[in-house]
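Mind having a look at this structure? Questions to follow.
Naming follows writing order (A, B and C), and every chain is counted from residue 1.
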C-alpha cells in the first residue's frame, strides 16, 4: 500500500475509535437528560418542588394532585456523605502522601504504592459487605441506633476514596521540583518547615484536584453506600439515623418501576442530577487547573 | 550557463520558518548543497541552524503551527509543496539526530526495519544491505557476532553509528546530521567523523550541524554561519575560519560569545 | 553594658527556637508515621478479614461449582464465577482495541482543533460519570432500545463504556512517555506515523500498556453498579455440554442474563432471604478478592516480563 494511503488509513481507523466513544458519550448525555427532563416537561412537576421538596413519596399525591417527589433528602444525603468522607480521608491521604514522598521514598515506591493500588482495585461491593458486617455493627454497638446512616456510609466511603486521593496526592507532591526543597534546606529550614511552607504550598492546586476527584468518586458510589446507609428517604436528622443518597434510591428503585410512569421519570431526574454534578466536578477541576497554570506562569 | 554548472542536489531559495504565523524563527536562507560535498552549519545555540536542517527533509512539518516558506529544491524540483511525497523524499534524504535513537529491536531489525517497510523483501538483498550499511558506518566488526541482540545494549557511540547505518540502509543521496557527536566521547566522535568523510567520498551530500568549530574544520569543505535566525556568511571552510568577512562571525570564532 | 546582656539572651532565644523547630519536626514525622501505619493496618485488616472469613468456602469445590440457591442454604457460585470471567473477556475484547485506537489518535494524530477538544472532554466526562449512570444508560440503550434485554452483551457493552476512559488514559500516557526522538527517528526514515506507532512506539510502550490493561481488568471484574441493570441479577444454571447458542443454559449465549460475583454479593445482601447469607457472601467476597489479588500480581509480573524480553532480545 502506498505510504500516504497507509497514513490516511491509520488516521481514519483511530479517528473512528475516538468518534465512536464521543458519539456514545453524547448519546448517553442526551438520553439521560431527555428522560430526566420528562418529569418536568410531561408530568408537570415543578423544578423547584423536585429540588427543594422535602418529602419523597412518588406513590402518593400531594394537595395539588401531583406526586410528592421532593429530592432534597437524597441531595442532602449525597452531599453529607461526600463531604464527611472527604473530611475523614483527606488528612490521612495527604499525611501518607507526605510520608512516602518526603520521608521514606524507597518504602513508598516499593511497598506503599503497590499496596495502595491494590486497595483501589478492591470492588465496591466488598467494601459494602465489610461496612455492613463491621462498620454498621460497630456503630450500633456504641450508639444504640440501628447503625445504618450517614456516619457508617461516610466511613466506608472514606476508606474507598482514600487510595484514589492518596495516589493522586503522591503524584502531586512528587512533581514539585527538587530544587524548591533544596532551596529551602539551604536556608536552614527543617524538613517539616520545608514540607509545610514550600512543598504543600506549591502542590496546592494538584492536591485540590486530587480532593475533587475523590469527591467525584464518593458522590457517584452507589452499591457500597446503599448497603450501609439504611435507605430511608428523609432529611437526615443526625449522622446515626437512616438516610439515602441519589445513588442509593436509583439503585433500589429503577428495577421496580415500569418505564414511563411518573416514579420512573423522577428516578431519571435523579440520574440527571447525578450526571450534572459530575460535570460540575469536572468543571471545578478545569478551573483549578487553569488557575494553577496562570499562577505558575 | 547551465553547461558549466552542475545542478545542486539540494538548494534552498528564500527558505523561512515561522511559528504561529507571526514569529519568524528563520529569515530567508539561500544555500545549495552539492553531491559529495560536506557542509557544516555552525552558530551559537538558538541561531536557527537545526531549524534550517529540519527544513531540508521537511521534518518541520511534523511540528504543529510551524510553517516553512520559500523553495526547497531537490534535484531542481521544489519539494516544499503539499503534493510532494514526504515519505519518498525522506528515504532519499536521511537524518541522524543529536541523541542516538535506536529502536527497541535487534541490531539487524534496526538496520533493516525501514528498507523492509519500504518494500524490500528479498532475503539476500536484505542481508547484503545489512552488511554494507554496517560496514560503511564502521561498526560491522563490533556487532557482526551479535546481530540479533538488542540495539539498546550497545554503547552510546555504537548506537550512534548504528543509527547512521540505519540511515545508509535506505541508500540516500543526502544525509543530514544534527549535532551527531554532542552526546559522544572523543573516541566515538573520531569514528563518527571518519564515517562522515567516507560518506562524502562515496558521493553523498552531507550537511552537518555542529557547535564544535574544530569538528566543522575537520569534516567539512564548506561552512555556513548562522546567527539569530539568519544565515550570515557561507564559504569554503578554510577561508571562512581564516578570514571571516562578517564581524559577528569573527567575534564568534574568537570566542566572544556562543 | 546593655550589649553584654543582650548578646547571651539572643543566643539563648535562638537555641530555644532551634530546639522548638527540631521538636516540631520530630513530632510531625511521628504523626506521619502513625498515619501510614494506620493506612497499612486498615489495608491488612480488610484483606485479612475477607480472606479469613471466606477461607472455609474458598477451597470448597462444590461451592465454587454448584448453582446458587435462593431460599435454601448451601448454594454455590458456579454460574457467577463463569459469568464474571466471560463478561471480563468479552469486555476486554471490545474495549482494548477501541481504547488503543482512541489513545493512538489522541497521542499521535490529534490535530489541535475544536473536534479534538470535544473528544477529549467526552472521554474525561465518561471517566468521571458514576458507574450507576453508565449502567442506567446501558439499561436504556442496550437493554431496551436495542432490545438485547438483560444479557451478557448489554453487560459487557456497559462495562466497555466504564473501562474505555481508564484504558485510553493509561495507553495515552504510556505512548506519551516514549521519547519524542523515537517518533522523529521513525519519520526521518520515511515511515508513516502509523508505521512508527505500530512498530516503534507501541512495542516501547507495551510494558506499561499491559500492566494498565490487567489492572483495569481487575476493576472490571469487581464492578457491579454498571451491571445490575444491564447483565441482570439472575444466573440461569449452565450446562457446559449445551452448544445451542440460543438456549438460556448455554454458557456462551451472549443474550442470556448473567449475574456476576460482585452483583451476587450485592443482590443476596439487599434481598436478605438466603439462610446462609453471611457464609455465601463472605465466600463470594473471598473468591473475588483472590481474583483481584491475582490480577494485581499478574499485572506487575507481566509488565516486568515484557520489559525484560524487549530489552534483552
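Just a few scattered comments:
Here is the rule we go by: a contact is a pair of C-beta atoms (placed from the backbone, for glycine too) under 8 Å apart; a residue touches a chain by one contact, two chains touch by 3 or more.
All of these numbers come straight from a predicted model, not from anything done at the bench.
Interface comparison, A-B versus B-C: the higher count of C-beta contacts falls to B-C. The chain with its Cα centroid farthest from the Cα centroid of subunit B is A. Subunit A and subunit C have CA centres that are 16 Å apart. Separating the centre of subunit A from that of subunit B, both taken as means of CA atoms, is a distance of 53 Å. Between the CA-based centres of subunit B and subunit C the separation comes to 47 Å, rounded to the whole angstrom.
The set of subunit A residues that touch two or more partner chains comprises 3-4.
In subunit B, the residues that reach two or more other chains under the touch definition are 87-88. Counting only residues that touch two or more partner chains, subunit C has 190-192, 195. In the complex of the two chains, the subunit B residues touching subunit C come out as 57, 59, 62, 64-65, 86-91, 94-95, 97, 99, 101, 103-106, 113-114, 117-118, 148-150, 152-153, 163, 166-167, 170.
Touching subunit A in their complex are the following residues of subunit B: 85, 87-88.
For subunit A in complex with subunit B, the residues that touch the partner chain are 3-4. Against subunit C, the residues of subunit A that register as touching in their complex are 3-4, 6-7, 9-11, 13-22, 24-29, 31-32, 35, 91-92, 95-96, 98-100, 103, 112, 114-130, 132-134, 159, 162, 166, 190-193, 195, 213, 216, 219-223, 226-227, 247, 250-252, 254-255, 259, 268, 271, 274-275, 278-279, 281-282.
Residues 21-22, 24-25, 28-29, 31-33, 35-36, 38-40, 42-43, 46-47, 49-50, 97-102, 104-106, 108-110, 118-119, 122-126, 128-134, 136-137, 139-141, 144, 161, 164, 168, 190-195, 197, 215, 218-219, 221-225, 228-229, 233, 262-263, 265-266, 269-270, 278, 281-282, 285, 288-289, 292-293, 295-296, 300 of subunit C are the ones that touch subunit A when the two sit in their complex.
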